[in-house]
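One chain, chain A, appears in both complexes that follow, with chain B as partner in the first and chain C in the second.
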Partner chain A sequence: MTERFEVPARLKTTSIALIAIGLIALVIGGITLLGGNEFDKTRFWVVLLQDAIFFTLITTVSVFVQAAASLAQGSWIVAYRRVPEAIGANVWLFGLIMLVVSFIIVFVFKIDGHNPIYEWVYPKGDKILEGKSAFLNPGMFAAFSIITIGLWSFFGLKFRAMSLAQEKAPKGSTKIYWNVVRLSGAFLLVYALSQMSTTPWFWIMSTQPHWYSTMFSWYTFASAFVSGMALILLWVVYLKNQGNLELVNKEHLHDLGKFMFAFSIFWTYLWFDQYMLIWYSNQPEETVYFKLRQQGPYSIIFYGAFIINFCMPILILMSRPSKRNYFTLTFMAMVIIFGHWLDFYQMLMPGPLGSNWHINFYEIGIFMGFVGLLIFAVSRTLSKASLVPHNNILLKEAVIHLS
Partner chain B sequence: MHLKYESIVREPLVDGEKDYHQVTEDIISPIEMKPGRMWYVGFFFSVALLLFGVFSVAWAVYWGLGTWGVNKTIGWGWDITNFVWWVGIGHAGTLISAILLLFRQGWRTGVNRAAEAMTIFAVMCAGQFPIFHMGRVWDGFFVLPYPNSRGPLWPNFNSPLLWDVFAISTYFTVSLLFWYSGLVPDFATVRDRAKTKFRKMMYGLASFGWTGTAKNWQRQEALALVLAGLATPLVLSVHTIVSFDFATSVIPGWHTTIFPPYFVAGAIFSGFAMVNTLLVISRKILHLEDYITVGHLEAMNKVIVLTGSIVGVAYLTELFMAWYSGVLYEQAAFQWRILGPYWWSYWAMMTCNVVSPQLFWVKKLRRNIPFTFVMSIVVNIGMWFERFVIIVTSLYRDYIPGSWAYYSPQWPEVGFYLGTFGLFFTCYFLFSKYFPVIAVAEIKFILKTSGESYKKKMKHIEDMTEEEFVHVIETHHEDEEVPHHA
Partner chain C sequence: MAIKKFAVACYDDEEVLFPAIKKVRRSGYKLHDVYTPFPVHGLDHALGLKETDLHIAGFIFGLCGTSTALGFISWIFTSDWPLNFGGKPHFSLPAWIPITFELTVLFAAVGMVLTFCYLNQIMPGVKKHVFHPRQTDDYFVVAIELTQHASEEEVVTFLKSTGAKETSVQVAEEGWWYGRWDKQEPYELLNA
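Moving on to the complex of A and B:
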């Protein structure tokens, strides 16, 4: 078995080239946008913010998936468990970028006495924002972000470390196995109080600080979750094509396909609930959110994201053969990641940028940079240990797993 | 082909030395015997409750809904509270039979039959409330959209209350079909063992001439898959639409976007609790401890702590957003809810639904049967209060202080509620007497993978190295013993 993964030169070159593109975009963006007017400057920061949030959340999904599978004693994930482990062990990297970008925005970024991205930083005179200042203030933002990212990173690294420690444990020893279960419970609590509630309020919803929706965090979770599963699938298929992951077969891929299918529909369910209830009750303080997105310049992204994230998965992934086909799965995984990146785009931009959105060299370049960084970091982690989680208690079940 | 193997870390789903015949014997024989004394006591008590319910409803229909405690401000009271409560309980059956089937959870086989039966009975109970809440119940058929002699008068398709009519009737139909299609092979088993002519005839009719051929099984499995596929979106849609009854309004405390998924989570929460209530008793009375093991109850309790926590996050989100919104009326609604004259209902809900289920993080308590039983009832008390809190405490402080009101149920409402318990348990007692309470065929399907005695024989597989195991898989054929020294 080819258990070890050696980062192929081509992959390494690709990732470095992507990072270089990202850096070039950053530099050119820095020169042209930071030297420009208020709108340009805002665009410079908010694009970085969007990618930092998106990549932090979708990599953390890998930590969540490990925790959920451990608690449910799922063996379906074990054959390729090293993939979510490696992604999860890099949460700290994107988290760190997120902390740097968001702290600059909150603490440094200021134009004419106001903050175009997080307006609540300077709530002067705005009665509603002043009412929220016990929650929406830089101190709270910083504290919540540091704690959240710290814990996510810790669990991401810890799960991988424990999985590697199991390899050296006595054969069949279940001590680490049960410890992972316990830790997974703890992580779920952390996740419930961060991703499923406070984090999206702080990072995303507060860019339109007058608006509110109780669904918002669960909706964001659904968006991140389905992209996170697609990301895992892309790595599994890539490694499989490299001749690694010999134990993984179509049964395992079928599972990931089901997750992409089912949670695309779950995302749509939450999308519809949030949209329909706001549309139906028609109260101006709530409809303002969709007014900006559905009517006007964002409508193409608004409808586009819906078509990509719902119509495509439900039509293409519905049938069983398509969930067992490498090409269809890979294609759909890329579509889903792009679709939800767009979804995050339309969540974040209308507040800070108003009706002037751009998807141009800068947006694309920064996105590519993040992709390069992800490839570089995850492939490096993957190469550091065996791709088969030896001595995992459920490994034998994973071998004979039927989807 | 496929090797029957399961890891040692999973506890067996069927305890003891069992073969296929023994499984049939254990599960079917209670049907063939006369029920014990406790069964008669319980059954007649349930029928009595049911009759009291019929009387209470007849009273309210005859004299009008003025006999209920609802008033102009609080137009929905116990009636809709009970409706939502029963519908929610119904969700567990479908979740276990459809969604856990999709997730390949073997432990569902021990509990699915009873849970599905419970779903059907609970939905039957739930349906009574909106029907009699209409008041002039003889005009109840007006909710059905058929071409009629009332001119251009159609039901209001924009109303979630009408969506409820469609959602719940569809849900009931699909659940019934799903449940019944699973029962067919088991009915045939009872028929084949029957000693009396009458029994043979009745179970023969019920089993639609099932002969157990490969073609029979193939069609039955195809049907089960189709129905599972239909039931999964349905189970989400039902409580989603129930939540729309509230959330589409503009009433503070009702209009909030998180309602649909949070109602679904709450429904699963209460439904699993009800399944536990029933199973703890059934397994004891019918001597099914080998099939409904402590492990099964523990798995149910894990779902309870999960869904209870999801509901908890939703409560806190709701509360937080009421403050965060900056809307005076939102804030006031929650203030009245928590600190007003109905404060006790809010705190009962919080304690029973969010705080006490957290005890299930402790493994010892998850596996403690008396504790499980008590908790299963506590959870359902909490979930009843949740609906009461949402309905009554969002309404009782109106925009105009002059119309502020208080509401207490009158005896016909209480009687109506008790009557639905009568209906529910009458049905459940009949079910447990005449129907196999565990899916015999499905237990047989998992027996050789998850049965205790079979798992003991897997020790040599467990001892193999990973390379040996992979080698065995590649060369293994069905019906072949796995060699002890590969």
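Moving on to the complex of A and C:
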């Protein structure tokens, strides 16, 4: 049992191998797809965009979880607080990739005078898009993206730095604790105005700019939140298996399991809400979204994501023993992350690609590359400080926590 | 349903209560029950109580609610009294989901409340012995059943040694009975 985590050679090799697979997929994809037809070129960029968005959003969830727990003075998270801190401190990395990819798509990518991914970049001749161009234009996109990612990265790094500073602060000092509470309130405001409203509009919903849904950002948030919790759980279980995190026991895992279970149901609630309102009012400009997904070429992903993200968690995670079992939790966490990756896939692809979608070496390879990058970056951050948040005033409460 | 003799100890602090319960369980005396003015976190672990099966009952009640709702609505709208709502098909599942959800929750909630009352033997008119009136106020009350192996003085001395504020020996009905609060019960005559 050690308080410090040293990155095992095996984990490091695995992560580097995964990054290498991602790079190879990127190169092969670049050669074959960028030289292909319009849909191939679009596919090259939109897959990168999907993974960049997905990983930016699920890493930011860690910042949100810390902020929400600090503001509510929740102690349950403190026993493994270093994990969300380390994930949150790497938001800048995925955010940077997201900025690069999306800016290339918005400002550089162009086929025959139009942009197949973000149609609104060239709104000439389309009355609806011209009407929306006061909000949906490259300048606004760039400004909102930079502000959002900048703030998320700042808070992610700041929470980590403050938590490390608490370790060196005089014993029992509450000054930093209350500063974190104040900053958490500020972050929740930022998060509510970005993740829960504007960001998904710009990044995801605007791939089908004629369609809109007021539920969309919540729906995206639910999807990201449940996979973010699954990500934290995977790291906690991994560190526990390595012999670290001896303060964490089944009670804490049970809590994380409850979050995965409850927010899978929450995701389904929003999924169905969005669907039912559109189904009920039956207006052509709204139903076009589900026409493609439910009855069109994406129906297998649409229903598949529903089964993976709702039926599996509700049946497998409902009972108490399964939320306290390492195997079921780990298995379900991986299933949930994959399921919500599919969910993001079906949010993004139908607009730009239509029926020309594929999931083969390129999609899987890029996903593996991002996973490798995540493992590499987070394990590196984790190894830099003690895994036990010493001197945190809630530490004792966290240790005797009963779920 | 039997009238038994109990040794009763009252504690005024959780921090005294938990070690006391530990000692009682280790001593081998027959612990009848513990009464607290509010739910005490971790007390069920300290008492070594079995995990409740209430949630399984809840799941079954919920399934009953789901099937009742879906069965009833689909019977009405497809065969008994089909109506045309905005050109939607008669069997239109999405529109029924909210009602199905509500009925699932209603059945699960009401069913679990009733099951809870049954398991804890509480109902209007059902009366149980109160070991100390302050058990609903600020006292944590531990009742130990006196058997032939444990003498009165021995248990009371033991309870005092664990930090009890008040101790007493009472003869009481251990289960429940129908009755009224203003009527004297047989065991109270015995106590007097």
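Remarks
Everything that follows uses one rule, which is that the second predicted complex is superposed on the first by the 402 of 403 C-alpha atoms of A that agree within 3 Å, B and C clash if a C-alpha of one lies under 4 Å from a C-alpha of the other, contacts with A are read in each partner's own complex, and residues count from 1 in each chain.
By our rule, contacts are C-beta pairs under 8 Å (C-beta built on N, C-alpha and C of every residue); 3 or more make two chains touch, one makes a residue touch a chain.
What you see is a predicted model, and the numbers here were worked out from it, not measured in a lab.
Partners chain B and chain C, brought together by superposition on chain A, clash. In the superposed pair of complexes, A:Arg320 makes contact with chain C only, with no contact to chain B.
By the touch criterion defined above, A:Tyr122 lies against neither chain B nor chain C after alignment on the C-alpha atoms of chain A.
Partner contacting the larger number of chain A residues, of chain B and chain C: B. Applying the stated contact rule after C-alpha superposition, one finds that A:Phe39 touches neither chain B nor chain C. In the superposition on chain A, contact of A:Tyr280 is made with both chain B and chain C. Look at A:Ser75: by the touch rule set out above, it reaches chain B but stays clear of chain C. Of the two partner chains, chain B and chain C are each touched by A:Leu402. Clashing C-alpha atoms with chain B appear in just one stretch of chain C from the list 23-31, 131-139 or 167-175: 131-139. Taken together, the two structures place residues 276, 280, 402 of chain A in contact with chain B in one case and with chain C in the other.
Every residue of chain C that touches chain A in the complex is listed here, in rising order: 41-42, 45, 51, 55, 59, 86, 94-95, 97-98.
Against chain A, in their complex, chain B makes its touches with residues 2-3, 5-10, 102, 104, 233, 236, 240, 244, 247-250, 255-261, 302, 309-310, 313-314, 316-318, 320-321, 324-327, 361, 461-462, 464, 466, 469-470, 473.
Chain A makes touch with chain B in their complex at residues 71, 73, 75, 127-128, 131-132, 135, 172, 174, 177, 185, 188-189, 192-193, 196-197, 201, 210, 212-218, 247, 258, 265, 269-270, 273-274, 276-278, 280-281, 283, 285, 388, 390, 393-397, 399-400, 402. Of all residues in chain A, those touching chain C in their complex are 272, 275-276, 279-280, 282, 318-320, 402.
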